Amino acid sequence: MTAFVRNQWYVAAYAHEVGRDLLGRTILGEPILLYRTEDGRPVALADRCVHRRFPLSEKPSRLDGDRVVCGYHGFTYGTDGVCVSVPAQRRIPRTARLATYPVVEQDSFVWVWIGDREPGDTLPPRAPWLDSSDHTVVCGMEPLDADYGLLVDNLLDLSHETYLHGGYIGTPEVAETPITTEVDDKSGVVYVSRHMDDAECPPFYAKSTGIAGRITRWQDIEYHAPCLYLLHSRIAPVGAPGPNPDGSDPHAFHVEVVYGITPSTEKTTYDFWAVARDFALDDQRVSDFLRENNHTVVMQDVVALNVLQKALDTEKPGYQELSINIDTGGLAARRILARMAAENAAPAEAGVR
Amino acid sequence: MTAFVRNQWYVAAYAHEVGRDLLGRTILGEPILLYRTEDGRPVALADRCVHRRFPLSEKPSRLDGDRVVCGYHGFTYGTDGVCVSVPAQRRIPRTARLATYPVVEQDSFVWVWIGDREPGDTLPPRAPWLDSSDHTVVCGMEPLDADYGLLVDNLLDLSHETYLHGGYIGTPEVAETPITTEVDDKSGVVYVSRHMDDAECPPFYAKSTGIAGRITRWQDIEYHAPCLYLLHSRIAPVGAPGPNPDGSDPHAFHVEVVYGITPSTEKTTYDFWAVARDFALDDQRVSDFLRENNHTVVMQDVVALNVLQKALDTEKPGYQELSINIDTGGLAARRILARMAAENAAPAEAGVR
Amino acid sequence: MTAFVRNQWYVAAYAHEVGRDLLGRTILGEPILLYRTEDGRPVALADRCVHRRFPLSEKPSRLDGDRVVCGYHGFTYGTDGVCVSVPAQRRIPRTARLATYPVVEQDSFVWVWIGDREPGDTLPPRAPWLDSSDHTVVCGMEPLDADYGLLVDNLLDLSHETYLHGGYIGTPEVAETPITTEVDDKSGVVYVSRHMDDAECPPFYAKSTGIAGRITRWQDIEYHAPCLYLLHSRIAPVGAPGPNPDGSDPHAFHVEVVYGITPSTEKTTYDFWAVARDFALDDQRVSDFLRENNHTVVMQDVVALNVLQKALDTEKPGYQELSINIDTGGLAARRILARMAAENAAPAEAGVR
């Protein structure tokens, strides 16, 4: 399995998922309770009552103002995790306190910091298109019954679009066109680019942009290990002018495909996906089409990766893979994840070494 | 997990469940076959054919008079466990014999003795209200996917009624009122009492007794470790006279809530529950209401404890709980169970130590 | 669990199951891909892409002519297992090659050789009735959630017909009549015979043959360890002449019951069953009746063996069985299987010893 990287921000939920209902998510194996205070601030606490370990996200646990009341025996906690009420006695044990998690709301996500150190000035990586008036966004989240490393592999090698997503986003040119890969080891960012000069336009882009003929199609991936994946997708009719020196690019359509990759347990992952476009901003039919179409594509990945995980579960230790050029980005990502995981191992785990 | 206590009587079934159909129950990990002879005597045998280990409680195994015929190859056993017939030969191996279990039918339950020693004069603890013309009883059994210790914890700390069973049997006063606890270590009995002098009357009692206003409500628990839990519940309108010196108590309503707590496997438990009342004896509507209402309450516990067991299954070894005054009874029960388990470990387990 | 015997032919599928759709079967723990070339030849390859281990039998993997295209990234393989195409590059790594399995199509089955050695001249054992104009066949395959050894036990001791299959193929005489057993250790064949001179005719034979009264019923088993089980069943009215010296037997009805016993994983098995008869060859109603009736019988075994496996899973190590005369054949089979497994252990396993 792919080791967890601690001391990192992870997408815990979409901002719109966190409200006045208690929400439980397990991130890097840690059960976390999410809710929003009456004045709108997101809160993340350990999702286990200190008394008998009942999950605070499970009914009949409930909010009382900004406080969480355990549904089993009524232990009550403030947003700082401190227990403020227990049954049948006034004295509250000093150790009755839930762990709290640093939370940031950014780019339509609620991010939670998992680690032993404090985040300090470190902020989550950015995906500004998801919360920008210049873009229209469709999004969703699919639970994946697979190691998050399988999703990283998947997303860093888009040649699979031709095979797994043929008829949706894949065309022959994706698998045929070589990639270029750059790795920023220090920042933990992997860049994979594939520029197709003259390609078939797949339904995903044909129907949403209205382009009838062949296209130039650029796929520029930025993977910010471990948690955020950005695909800058540029589509233009063949022969249309390229971007201007100032960065403006009026003759092309741009889609920003964003994945929040959040390991839940060793073999389960939250697969947050979003598609932001800079065209047809108010066209609900385009939004509906892209939501439906991309959901189908994501589910094709989910089904395939769940199948793959089950297959790997039956492999003997030391089974072989065979990597080729298209895997350069994915292998770089694995190296970075392994290094980051080792550098940020939990104290207990580190002690074992 | 909570260790099993051997050399004890356990509730295997209600008497009405044991008849001329073969019934299989697993108690303390031992598969047991239950049925009743033609003259009405309950029988408990090992539920595995000596030949190839086929479960005798599974179809097409069947009774032939008082004998059990294995549904696989027809090995046939008497009520003493001795094999009396095998296919295609006259000679029956002398070792062809099922283990038998001591059985007692008492207080509407069929009790089975699990252990290495014989019970001798030891009888199961009593719950006479369940088989008495002075009481009317509703009852049921729910399988629980949790360690039986979680059910013991649950029942010995009724402050959870306020939270988990609010709107049914819980009111604020239950969680607010301190308890008194007594422990009879020698007999293995834990007593927990909570006397509320002026409390809201929850629907469970308001609808069944017809009391409109506030009540005095006494909860007197007797837990006979490991297997029987009694809650003597006394309800009376505030201001009504108390019990007489001779024990009679004509101004109050009495409900005897009985639980047979029978560990099945390490993480499954049979939760036998019964509610006996000394009022409205012939009122079917009250019986129907109490059966329905208490079933709902038991299922609230079952759902919560199943959730709790799943949560505990993901905890790292050495996880912490935090106990307060309300847990005094539960902690005493745990101590008694641990001692009794150690004193009655199976020979093989004892040998390992 | 019963050890796997390597270096053997196993029934992987019926010939009619292997066609132009990709079929995945797991045999002795090895995932195997089956399909038929355009000119009708069956092919068996390792069912895992060398790239990232995606199962080639899972959609959207597909055939392109006689080549298999992985549904994940398009790695493409010939019938010899050699990779002929990978995405985005011309050079194909020399190690990109799937393991191939020797295949034989014989007696309506597709047989696959599992082992480290080559089969050489060794051919699968025969069941010629399944592909003969003198017989009419009904057949099926049921997945079994049990160790294949439990199926071998089951089939070698037909006394269970009286109990598990009463009303279908069992009558009292089966369990009552002693067996004779012969063991050919060298060839790994176990023979078990039971000849009933005057027996009730069970519905299976009464309805299919039209015999109204009592019968002579011969059951002659040949078990070719580990994979093929033949039951030569001879049915004739009591008093009818026996077989002629030249082997012809015009006064009797003959049914050849064939089982392909194919271990899939440690606790799952493919149970291929077929019933070939030499009478009423063109009577569709007899075919329909025998298919339905034998399917019911097989499912009675499947349900019972699944129950038995679950029961055995809860047994402590070293649990006891008790064997009697009827088990002579099954015990001989176990001995032969253990010897064959040891002689053919996988190199890695052998190395451990």
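Quick notes
Here the chain labels run A, B and C in written order, and each chain numbers its own residues starting at 1.
The rule we apply is simple: a residue touches a chain if its C-beta (ideal position, glycine included) is under 8 Å from a C-beta of that chain, and two chains touch if they have at least 3 such contacts.
Since the model is a prediction, treat every value here as computed from it, not as a measurement.
The best fit of Cα atoms from chain A onto chain B calls for a rotation angle of 120°, in steps of 5. At the interface between chain B and chain C, two copies of one sequence, fewer than half of the residue numbers in use appear on both sides, so the contact is built from largely different positions. Put simply, the C-alpha centre of chain B and that of chain C have 47 angstrom between them.
With touch defined as above, chain C holds no residue shared between interfaces to two or more other chains. The residues of chain C lying in touch with chain B in their complex are 153, 157, 159-160, 162-164, 166, 175-179, 304, 307-308, 311-312, 314-315, 319-326.
Contact residues of chain C toward chain A in the complex are 26, 29, 31, 48, 50-55, 58, 60, 69-74, 86-89, 93, 95-96, 265.
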